[in-house]
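Which chain is which? They are A, B, C and D, in the order written, and residues in each are numbered from 1.
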C-alpha cells in the first residue's frame, strides 16, 4: 500500500501534508516524505520511519516552506537500497523541477524501464515512480509539462494514483481503472487537498468535494481546479480497501468504510449462520464485521479477546517453554466470558493461517467450547499486481488448501468465508466496477515482466 | 497506580517477571525494575521507560539470574530525583540483603519518616517504600526477617500490596483493607507467581490459585507457601480498579473486569435511560460499559469514534488554526454514521472536563444531532490517599461544579453519572467491602501529614 | 574534500573499504557509503554520519558481500536534500549496473548538466557525480563501459579522482591536472586498494605501489591491473593537501605529509624569524610546523596550549559572562609555562580570523608577554574550484585586509605568513606542478557556470 | 579516580559546576551529577554518561537553580547497580538535607559499614560515600552539621577529598595525607570554587587562591570562607596525579603538571640515556615527557606516531587476518620518518604490557631499526587503596616479571623505567610528602577489609 497527499495553495502547506500523512500512517509505516514548493523552488525531506519520527518543527520552519506540498507514506519490505526508495521522487529536468508521489503499481514497469535504459536513462532506485519522471523528462517534443504528463501516463499501465508538483502547478491523476482511491477536499482555511483517504481531511479542516475519477487528470493552476478526462473510465476499484486497508472513518470510493464492514458482517451472518453463544471479533481488524454479524444474527457481541497496545519492539527472546508467546503478548482472551461458550470468531481475512491457528488454540485453552471461524471476505488465493503488498501466492493458505483443509489446519470447529456475491451485496454497488482478482484471479490488467 | 510481581522457584524467574510486568504495563509506564536472587545474592536492574525499552536479553543472561525475582512498574509524575524513585528498592542491612516492591500509598509516611530520621535514618528517595526497609533494618531486637516484617507493617498505615525478596525467602503482604489487589498463581513449569493483576498469569503459564487476603502475609520458603493472618481483614477494596485501572481480561478481587464494566453499562442504562439512535463509546475506556448500555437499552452499539494508535511523541506544534488538534489526532468521528443522529456517548469518568468538551464539540461538528453523555461511574470529587494518582481535588471538575454546570461546560445535551448504589449492584457484592472515598469522601484511613 | 577508496579482488572487500574510510574520516565526516559487488550484483549502503555510526557487522554479513568494493566519505555543508547527496552513486543503465565515487569538483558541471537535461536526463541530486553517470549512460554508440568512461571524462573539466565499479571491473581515473591525490596499494592478503591517502593502507595491510598518474585511467580486470594514459599529464597538485587536509602519516603526491609540514615550519623560521622564548603550536593543526620552526630557529618547542578532546555536541548554552567560552572549551593555555613569555604561535592557516583572535586573547589573559603569530602557509584569498570546501571569498579575512590590518584585528604583536616561494622550497618540487590558486588566484582551469 | 567541584555563592552555580566537570571529564567518564541549592532546597540530576550527554539547558533552567552547587564525575567499572552509584549522594536526615561528593577511597569502608549496619543502617549502593552520610546522620548527640562532619571524618580512614552541601553551607575537607588534590579559587563574577584540578578554574573565570590543606576543613558560610585544621597534616600526595591523571594545564599540589612531566622526561634522559636518532612519544600520554627527554638529551623530538581521534564505539568486528587492528585504529606510525631509525619511545607507564607490545611491533613493521622503550615512571607493582582504579596486582606485568623479562615480552631493544629517586628530583619536593605505594608497596594507611 502507501498513501499520497497534495496540498494546494494553503499557508503551512507542508504542515498540513504532515497531518494528512499522520492520519494515513496505517497505509505505510516504512518511510515517509514531503516536498514543498516555496515560490517555485522545491524542497524535500524524506526518510525511513514513522511520520512523527521523521519530521521536526525545524523542518517546517526552515526547509519545507511555501503554499504547495505533496507527501507520501511508504509500505514495503526493506531492501539494501531502501533509504533511497522513499518518496517523493524529486528531479531537475528539462522544464525545471518536479516532484512526484505515487500510490499503486505499474504492470509494465520493466518493459518501460528497459526501453528508457536503451534511450540512455539511468535508474537510481527500484521504484516505478522513477519511470514516470523519465518518461516526462524524455518527451522533448512537448513543451509543456501537462502535455508531457499526458504522454507519460499513456505509456504506463497498471494502478496509479499520482500527485505531481511542479514549479507552479499541481496535478492529480488516477488510472483508468481507478484501482486505488484519491479524493479531493476543500480546506476551510484556503486551497485544496488531494488525499488517498478522506480521513486525512479531518486534521486539516477540509470538506470532501469529490473523488478524482478513474482516468481523470485534475490540474491545480492559478488557484483554480480544472479537469481533463484522459481515459475512458473503466472502474475496477480495489475491494481490499474496504476489507482491510482503509481507516473505518474514511469514505473510500464514495462509501464509508466502517459501515461497509458492518454490512459485510451482516451478509456473513445471512450467508453463513452458526449456532453460537456469542460473536467475538479478532481485534481490531474484525470488530466492525463482528458488530454487523451480531446485529443480523442476534447473537450477542462480546469483546472476548483483548488487544495489548504496548506491543512494540522488544529485545527479549521468548522463553522456549511458553508456546505462542508472540500472539499472546498482543492478544489475550477474557477467560470468564468465553469459558464453556460456543464462539463465532470474526476476522477480516486469513493469510498464512498461522495467526488464526494460534488464536483458536488460545481460545480453546481459555475454555471455549467451540470456535467457529467466519471470515468477512472471500478466500485470498492470488497475488495483487496493483499495489497491495500480498505475500507470494504459495504462502497464501487458500491457494494450497480447500476450506475444509484450512479448517482442520487452524483447528476450528467450523470455518466459512464470505462469498464474492455477498460481498457485492454489502457494498451495494455494481460488481463489474470492482477488482476481485486476489479472490477470483480475474486480473483486469495483465502484468508484463 | 503501579504493579508488582513476584516469581518464586522458577527457572528464568526474572524473565517471567519481565513478561508479567509487560502484561501490567498499563498500571505504570514511567519506570520499571526487576531484582533477582541468584543463590542468595540479589541483583537489580531498574530504569525509566517502558519494560520493553529497559530490559535486554543480555540483562537476563548475565545479571538477572536465579530462581526468584520481584518486579515493579511505576506510575508517577516526574520529579528531579525520579530516576532514583524506581523500584525495587534494594538494601544491604543487618540481616543481609533485601529488595522490596510496593503498590499503594502509606498514609502515615511523614510521621514514620520523621521518627526514623530522629533515630538516624537517611532517606535517599521520596518513596514510602524506603520507610519500610528502614523499619525492618532498625528492628534490632528481632532476629528474623519475618518478625521484623511483622513489626514493620504494624507501624505503617494506608494502602500496601508488598512483595519482599530476601536471600532465601519471598513474602507477599496486603494491608488490612486490601485496597490494592494481589493474586497468587501456580506456574505450570514450576513455582508460584504473585501479581497485582491476573492478566500477568497468561504469559507465564500460570493458573489462578487465590487472592492474598486483606491483612494476610504469605511466606514462600523451602519451596512451600505458608500463610499468617497478620491483621483482621476489614476489606475496603478500591472500586476504581473496576472503573479504570485493571485490564479487562484480569480478574480483580475475584471478579472479571470486563464483565463488571459491562454490568456497569447495564446499570447505567437502567438508572439513566435516554432516547437515542445509537450508543457510542469513547474508545478504549468506555467500550465495555457502552456494550452493556446497549444490551440493556436495546439502542444499537456503534463504534462511532475511532482511536488512532499511532499517537506517540510528535515534535510538531499544532498549527494555530486547527483547534482541538490533539484530541483529533487521537480520536476521529465516523461522520456518515453519526451525522443527524442522537447519540448516547459512554465514558468511564470525567476528570477535568476538557477532553469531554473537545469530544462533544468534535461529534457536533461531525453532524451529531444530540450528544447525551453517560458516565459509568459516580462524579469524582476527592483525592485518593491509597495509591491512585488523582489530580489535586480543585482540578476535578465535579468538586467545583454541579452536574448541570458540568453538562453546560462540556456542551452536552444531557449528562448523568452512575450512582454509587447502581455501581454496587453491578459488582454484585457488599458495599461496605469497597472504598468509594474519591466519590463520597468517606475515607477508611485518615492521612497523617 | 572527501575521500574515495576501491578494493579489488579481496575477500571481505567491503570491510576493507570500511577500515580505509575509517582511516580517511578526517577528509569528510558528513556522510559515507560503500558499494560492493557480489558476483556481478552491486549492493549499496550509505547514510549521514561517521563511518563507525553508519556501518554494522550485520551490513557486512548480509548485504555488502563480494570481493570488490568502493567507498566514500563526504565533506559538505548540509542542504535540504543532503541524505540523497551521499556517495557512492549507483545506477542501473544500458550496460547493466554501475556505482561511482568521486573526489573533486567539476568546473563545467552546469553546462554539462544543462546539455544532459536537454537530452532528457533527470537529476535527483546536486552532485556532479550524477553528471558522469549520465554521460556514460547516454553514450549509446559505444558498446563497452571502458569506451564510454573515456568519452565521459573527455567531456568533464576540473578536479576528479574517480573510482568506478561495474559488474566485472573497477576503474580508477585522475584528471589531467591531478588536483586530488589517488594512490594504489597491493594488499598482503590479495588484490589491490586504490585510496585518496596512503594512511588507508595501514589497516588493510597494503603496501604502496604508486600513484595513479594525472590523466591516467587504471583498469582492474580479470585480476590484473592495466593502465591507459587518457590525457597528457599537466600536474597542478593541490598544495592544501600538505597544509591542512591530509593525515600526517600519509604520503601524498609521493611525499610524507608530516615531514613536509616540518619543512614548512623550518622555512617559516628562515623566512620570518622572531625573537621569542618559545614556539607554541595551535593544536593539532600547527604542531608539525611548530616543531620545524623550533628545530630551525633553536627556540624551544612547548605545548603551551592544550586541546580538550571531549568537545562534542553540548546542549548547554554558554553563560553570558564567560566570553570566548567555545574556544576555551576546546583549547586551554598552560599558564605557568607561558606567563611573562614571548611566544611564537604557529598555525596552519587563518580563515575568518575570529579563532586566531580568541586564541591570542586567551594567551594574553594567561599572561603571555608577546604573541607573534606565524602561519605555515600563504594568506588565503580565493575560492577553490577543485574540491576544497572553502568559505565564500569575502569571508576570508585575507581577501579584505592587509597583513598589518589582520595583525591588528587578531591583536597579535606581529603576524607573518609563509611565502609561496618558501612553501615551494619546503616541498622540494617544481612550483609549476602545484596549484596555488587559493593564494595567488591563478586558476589552472576556469570554472564555467 | 573521579573529580569533585563545589561552587559557592555564584549566580548560575550549577552551570559553573557543569563547566568545571566538563574540564575534569578526563578524571571520570562513566557517570556524572550535580546538586544545587535553591534557597535551602537541594535538587539533584545524575546519570551515566559524559557530562555533555547528561545535562541539558532545561535542567539548568528548571531544576538546578540556586547559588550553590556541587558536582562529580565518576571513573569506574560498571556493576549491576551502577546507575545508582553515581554521585552526588543526597539524603534527607535529622538536620535537614545534605548532598555529598567524594574523590578517594576509604580503607576502612567495610568495618565502618558493618558497624553502621549493626546500628540499623541500610545501604542502597556500593559507594563508601554512603558511609559518610550515615555517620553524619547517626551522630544524634551533636546538634550542628559541622560537629557531626568532624565526628564522621574522625571515623573514616584512607583517601578523601570531600565537598558537602547543606541547606545553608558548603564544606570542603581533605584527609590528613592529602592523597587526592583539592584547590580553592575565587570566581571573578562572585563567590568561590573548590575543585579537584585547577583546569576547572579556566572556564568559570576563577583565580587560584590556595589548596585545601591535608587535614583541613574549609567552611563556606554567610558568604565567607573559614578554616579549621581537623588533623595534623601528614602529606602523602599521590605521585600518579603527575604521571597520568591530571590535565597538563592543571596545577596539582602547587606544581604545573605539564612542566613536571617535562622534568620527568629530563630526568629520564639523565638517568637512562640511549643512543638514538629520535625521541618519539606514545600520544598523548608520553608527549610532555618525550619533549623533556629530547631537550635534555639533544636527540630530536618527532611525532613519529599519530593518534586517530575518531576512535569511538564501532560495531564492526576486526577481520581475523588483520592483527593488532585495535591499536592500529588508534595509533599509526609515520613510516617515512621512522624507517631505518633508532627510536627512543617514551610512555608514561606500562600496565599489562599488551599495548606496549603492539606499539613496538607496529613500529618495527613500519621499519624502525631499534625501539628503546623509556617509561617516565617507576614500574607499577601494587594496588592503590586511595582512589586510583588500578587493575588487580597480578595483572600488572611488573609484579610478575623483571625489567629484562618485560623487555623481552614487549619485544623492545631495551627498556628502562624512571627511578623513584629521579622522579623525586623532577617534582623538586620532599620525597616523604608523596605516596609511592603502587611502586614501592610502602602503604601509608593499611586497608582494613
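Definition applied: a contact is a pair of C-beta atoms (placed from the backbone, for glycine too) under 8 Å apart; a residue touches a chain by one contact, two chains touch by 3 or more.
Everything numeric here is computed off the predicted structure, so don't read it as measured data.
Fewest steps needed to get from chain A to chain D, stepping only to touching chains, is 2.
When chain centres are set by their Cα atoms, the one at the greatest distance from chain B is C.
Once the centre of each chain is set as its mean CA position, chain B and chain C turn out to be 60 Å apart.
Centroids built from CA atoms put chain D at 47 Å from chain B. Taking each chain's centre as the average of its CA atoms, chain A and chain B sit 38 Å apart.
Counting only residues that touch two or more partner chains, chain C has none.
Shown here, the protein chains touch around one cycle, each chain meeting exactly two partners. Here the touching chains pair up as A-B, A-C, B-D, C-D. Interface residues of chain B, counted against chain D in their complex, comprise 43-47, 63, 80-81, 83-84, 89-94, 113, 117-124, 133-134, 137-140.
Across the complex, chain B meets chain A through its residues 12, 15-16, 18-19, 22-23, 25-26, 50, 52, 55-57, 60, 189, 199, 202-205, 247-249, 251, 256, 258-259, 287-288, 291, 295, 300-303, 306, 308-310, 312-317, 319, 321-322, 325, 328-329, 332-337.
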